[in-house]
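Here come two complexes built around subunit A, the first alongside subunit B, the second alongside subunit C.
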Partner chain A sequence: MKHAFLDRYSHLESPVHRLDPRAKLVGFATLVVVCVTTPPRLYAAFVAYLGLEAALIVLSRLPWKHVLKRLLVVLPFIMVVAAFIPFFSKGGGSYNLGPVRISGHGLLILWNVAAKSTVSVLAVIILSSTTPFSDLLGAMEKMRVPRLFTSLLSFTYRYIFVLVDEAQRMRRARDSRGWSGKWLWQAKVVGHMIAALFLRSYERGERVYAAMLARGYGGGGVRTFYAYELGILEAGFAALVALFPLAARLLS
Partner chain B sequence: MHIPDGFLNAGVSVATGAAAAGVVGYGLYRAREELDEKSVPLLALGAAFIFAAQMLNFPVAGGTSGHFLGGMLAAVLLGPWLGGLVLTLVLLVQCLGFADGGLTALGANVFNMAVIGTVATYFLFRGLKAVLPRRRPYFLAAAGLGAWLSVVLASGACAVELALSGTSPLSVALPAMLGIHAVIGVGEAVITALVLSVVLAVRPDLVRTYDLPGPSAVPVDSEVSR
Partner chain C sequence: MHHRPAVEIKGLYYAYPDGTPALRGVDLLVEEGESVGIVGPNGAGKSTLLLHLNGILEGRGEVKIFGLPVVKENLREIRRRVGLVFQDPDDQLFSPTVFDDVAFGPLNMGLSREEVAEAVGRALREVGLSGLERKSAFHLSFGQKKRAAIATVLSMNPDLLVLDEPSSNLDPRARRELSELLQGMRVTKIVVTHDLPFVFENCERVVIMDAGKVVADGEVFDVLSDEALLERHGLELPCGFCPSRFERDERKTEKHTES
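So, the complex of A and B:
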């Protein structure tokens, strides 16, 4: 089955993969916050953020194709904002593009949104592609996120692949019977599919839970081996990813 | 409707984040009260179900399609607080595991889809249910209308947040978002009502907010659903 999940490359061998996820979580979260609050006219700062991320992608040996493909998720949003640009009329001089007049102010908004969302999505892609999801949750747990929350997340993540497979099987079965919905009143079929998906997954969940009990599950979430320790490398990494963007922003 | 990073300004991010954290925190508190150990895997299963259901596109017009949001369905199946918690889990996994929706926009996304699209519209649904006759078709109609409202209100909140952040002009973005989602919401309404009617027929015990008297469901062997 095909899944678009990000931690597909999280088991590669690289210096970035070996770091304690806590350092990556703190570093990348800081990078995103610094980037999002950067005034859009500091162009050099955005170049620095992207440069840092490019270096990290090379260092972590992630396939560029994977990174760029995942980057496409922000494109629809940028295009929606681009569609609204002609409606911003005030300020900043204007440019004529055929019948459409675009103001400098509108272009600045588009640049602001495109640059910030690209840098931030890249940060999340690097974080999730170099860290198995269970280790990310382990790091959150070590950082005192409530255990109820992390165990809910870890079960959710485990079940998602099972249920997505189930949904894809149902969709394939439907399509192979020649269904091609074009109009809203044909949505009934999808309603029945979702109902069947719910009933199947609930009853499956009951069986899985019984099986878990039979194997000695005693509550308190899934325990995984957290094989990381904070060291000098982690401190250096967090400092680099958090402080380099901050310096770039203050200097530009 | 998953807002990425960089589309919202600091004020909107912080305000929606605080509101979302408050409601989800209360949801977690209620979850602790209501749930036993068994419910943790089952609640997570609910989240995974909503995630998978969101992948099934439904047709809208001439080959374009919308996808299911599931907030109202989760609220009717699990109650508003657990439903909101489930939607939050879905959004968190989408943000961290799939880079869908930004880290700093997480608060806004949770606010739109879990707080407005699930918890708040549940109470609108309950209001509707109170004034309608206490019969199953009206229950389903109220849930359908609630589902429509949940999609439309969540998209409206999204447009208002983007406008407050100066990313898109309110006078254009709000009617556009509301117009598109008023149509998509019809699909959401039809599917929510259909799913509930099937579940009520097969496993009425799984619809936690169904409180109508009268003949219980037609006994259907639950093997059928496997």
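So, the complex of A and C:
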């Protein structure tokens, strides 16, 4: 079965793809922190953040369609909540839109949420689309993120779709035997399926652990092979992505 | 041929935590350079036995690998020398990329970066998967996954290769490729399988297990052409398969001239 992998396009060739993931991690993390702490009225700063991200997308040769698609997956969740704020919030002057009153203060909150989430989500999209997931984990390990945490992420990345496929097969087997989901007693079946899926995952976990032991695993997290080195390009990139937004914010 | 023992098992008993007995007194001797098939009905204890070969399970009785008793102090060395390939490659390939999976064993052995990269390259070349290093195991075909699983232990340079159901779920071409791959490897091999023709092709000796015991042990042709014996233990050759024709094939003579 086909699945949308998180790090699609991460094997393209571009200056951004070639960088040590540590530099990207530091750069984008700073960008996100600077962005979410920017007062919402500094409109020019947000334009600068988006401009920087647009430049990086061009530099990394990512297809625009891919970036927008990913953005559309995440943004609606945030916007559905934020879109109602202008109607219920009070203060900051108000505008009449036919029979509905919109508060200026609420409008500012909406802008704040929309701008900050767009910039942040874009940063994550660029990071994950220019860095293979395994290298991202390697970078986190190098930066002393606890091995337990990186191993957990690594297993999730590896097995999430194995699990989805397994659930998919169970569902097909269930539907093939005439399950309609119309009757209350059939709800019990869903419970059984979840239990079965849990047991299967649990047993797989034990088998995977046995396979790890068989190859000399001795605890202390999974060691990975990290093939990057920090250089002048990395320093430049991290400085640009971290300092440019900072400067834009202070100057605007 | 040197006759040093690779595996010595004497009176091995094992019961699962819930009390179900799985092994009831297994005796088995495998010599270096041998290629042994272990067959038997489901639930005979074959896979359980394999897990004793590198100390993942520990039962009552004696297990020695290349003369080393399987005890805690020796586990590191034993796990390096015994390459255990599990039945489901999705269990064996747990890393984000094929490279990371094949590098897992060598990294645990404490090899340097250059040595690890070298070992991974060699193992992938051997199983014919060079160029797929950066792929996720999820994107491989089933046959490729099986071969990648074998590469994950080849990178550790094992002296004993242990395979659990290597040919299950493979289409004929992938099965043929796997068979050729195994025949090309010069290490001691133990293969657990239901695929009796696969045993004919890849092993000189076969052991039948049933209800936690070894019930027959001998030269492949002798054991597998004994229909009554096979039937007693829930086994049968595929319809139309004729052992005697296989026997006279080039395989036997070729094996003897080689050694």
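What we mean here is this: the second predicted complex is superposed on the first by the 200 of 252 C-alpha atoms of A that agree within 3 Å, B and C clash if a C-alpha of one lies under 4 Å from a C-alpha of the other, contacts with A are read in each partner's own complex, and residues count from 1 in each chain.
Just so we're on the same page, a contact is a pair of C-beta atoms (placed from the backbone, for glycine too) under 8 Å apart; a residue touches a chain by one contact, two chains touch by 3 or more.
Just so it is clear, the structure is predicted and the values come from calculations on it, not from any experiment.
Asks: Taking the superposition on A as described, I'd like to know which of subunit B and subunit C A:224 touches: first, second, both or neither.
Replies: Second partner only, subunit C.
Asks: Taking the superposition as given, does A:11 touch the first partner, subunit B, the second, subunit C, both, or neither?
Replies: It touches subunit C, and subunit B stays clear.
Asks: For A:212, is the partner it touches subunit B (first), subunit C (second), both, or none of the two (neither)?
Replies: A:212 sits against subunit B and subunit C alike.
Asks: Under the stated touch criterion, which partner chain does A:202 make contact with: subunit B (first), subunit C (second), both, or neither?
Replies: In the superposed model, A:202 contacts subunit B only, not subunit C.
Asks: Looking at subunit A, does subunit C or subunit B touch more of its residues?
Replies: B
Asks: According to the stated criteria, A:133 is in contact with first (subunit B), second (subunit C), both, or neither; which is it?
Replies: both
Asks: With the two complexes superposed on chain A, say which partner A:147 touches: subunit B (first), subunit C (second), both, or neither.
Replies: After superposing on A, A:147 lies clear of both subunit B and subunit C.
Asks: Applying the touch criterion given at the start, work out whether A:157 contacts subunit B, subunit C, both or neither, answering first, second, both or neither.
Replies: A:157 sits against subunit B and subunit C alike.
Asks: Which subunit A residues lie in the overlap of the subunit B contact set and the subunit C contact set?
Replies: 5, 133, 154-155, 157-159, 162, 204, 208, 212
Asks: Where on subunit A is subunit C touching in the complex?
Replies: Touch list, subunit A to subunit C: 3, 5, 11, 132-134, 137, 154-155, 157-159, 161-162, 204, 207-208, 210-218, 222-225.
Asks: Spell out the part of subunit B that touches subunit A in their complex, as residue ranges.
Replies: Going by the criterion above, the answer is residues 3-7, 10, 13, 28, 31-32, 37-38, 40-45, 47-49, 51-53, 55-63, 65, 68, 77, 85, 89-90, 92-93, 95-100, 102-104, 166-169, 171-173, 183, 186-187, 190-191, 193-195, 198-199, 202-203, 206, 222, 225-226.
Asks: Touching subunit B in the complex: which residues of subunit A?
Replies: 4-7, 29, 32-33, 35-37, 70, 73-74, 77, 80-81, 84, 87-88, 109, 112-113, 115-117, 119-121, 123-125, 127-128, 133, 136, 146, 148-149, 151-160, 162-164, 166-168, 170-171, 181-184, 186-188, 190-206, 208-209, 212, 219, 221
Asks: Subunit A touches which residues of subunit C in the complex?
Replies: Within the complex, subunit C touches subunit A at residues 51, 54, 56, 76, 79-80, 82, 84, 86, 88, 90-97, 99-100, 103-105, 107-109, 113, 116-117, 134, 136-138, 152-153, 156.
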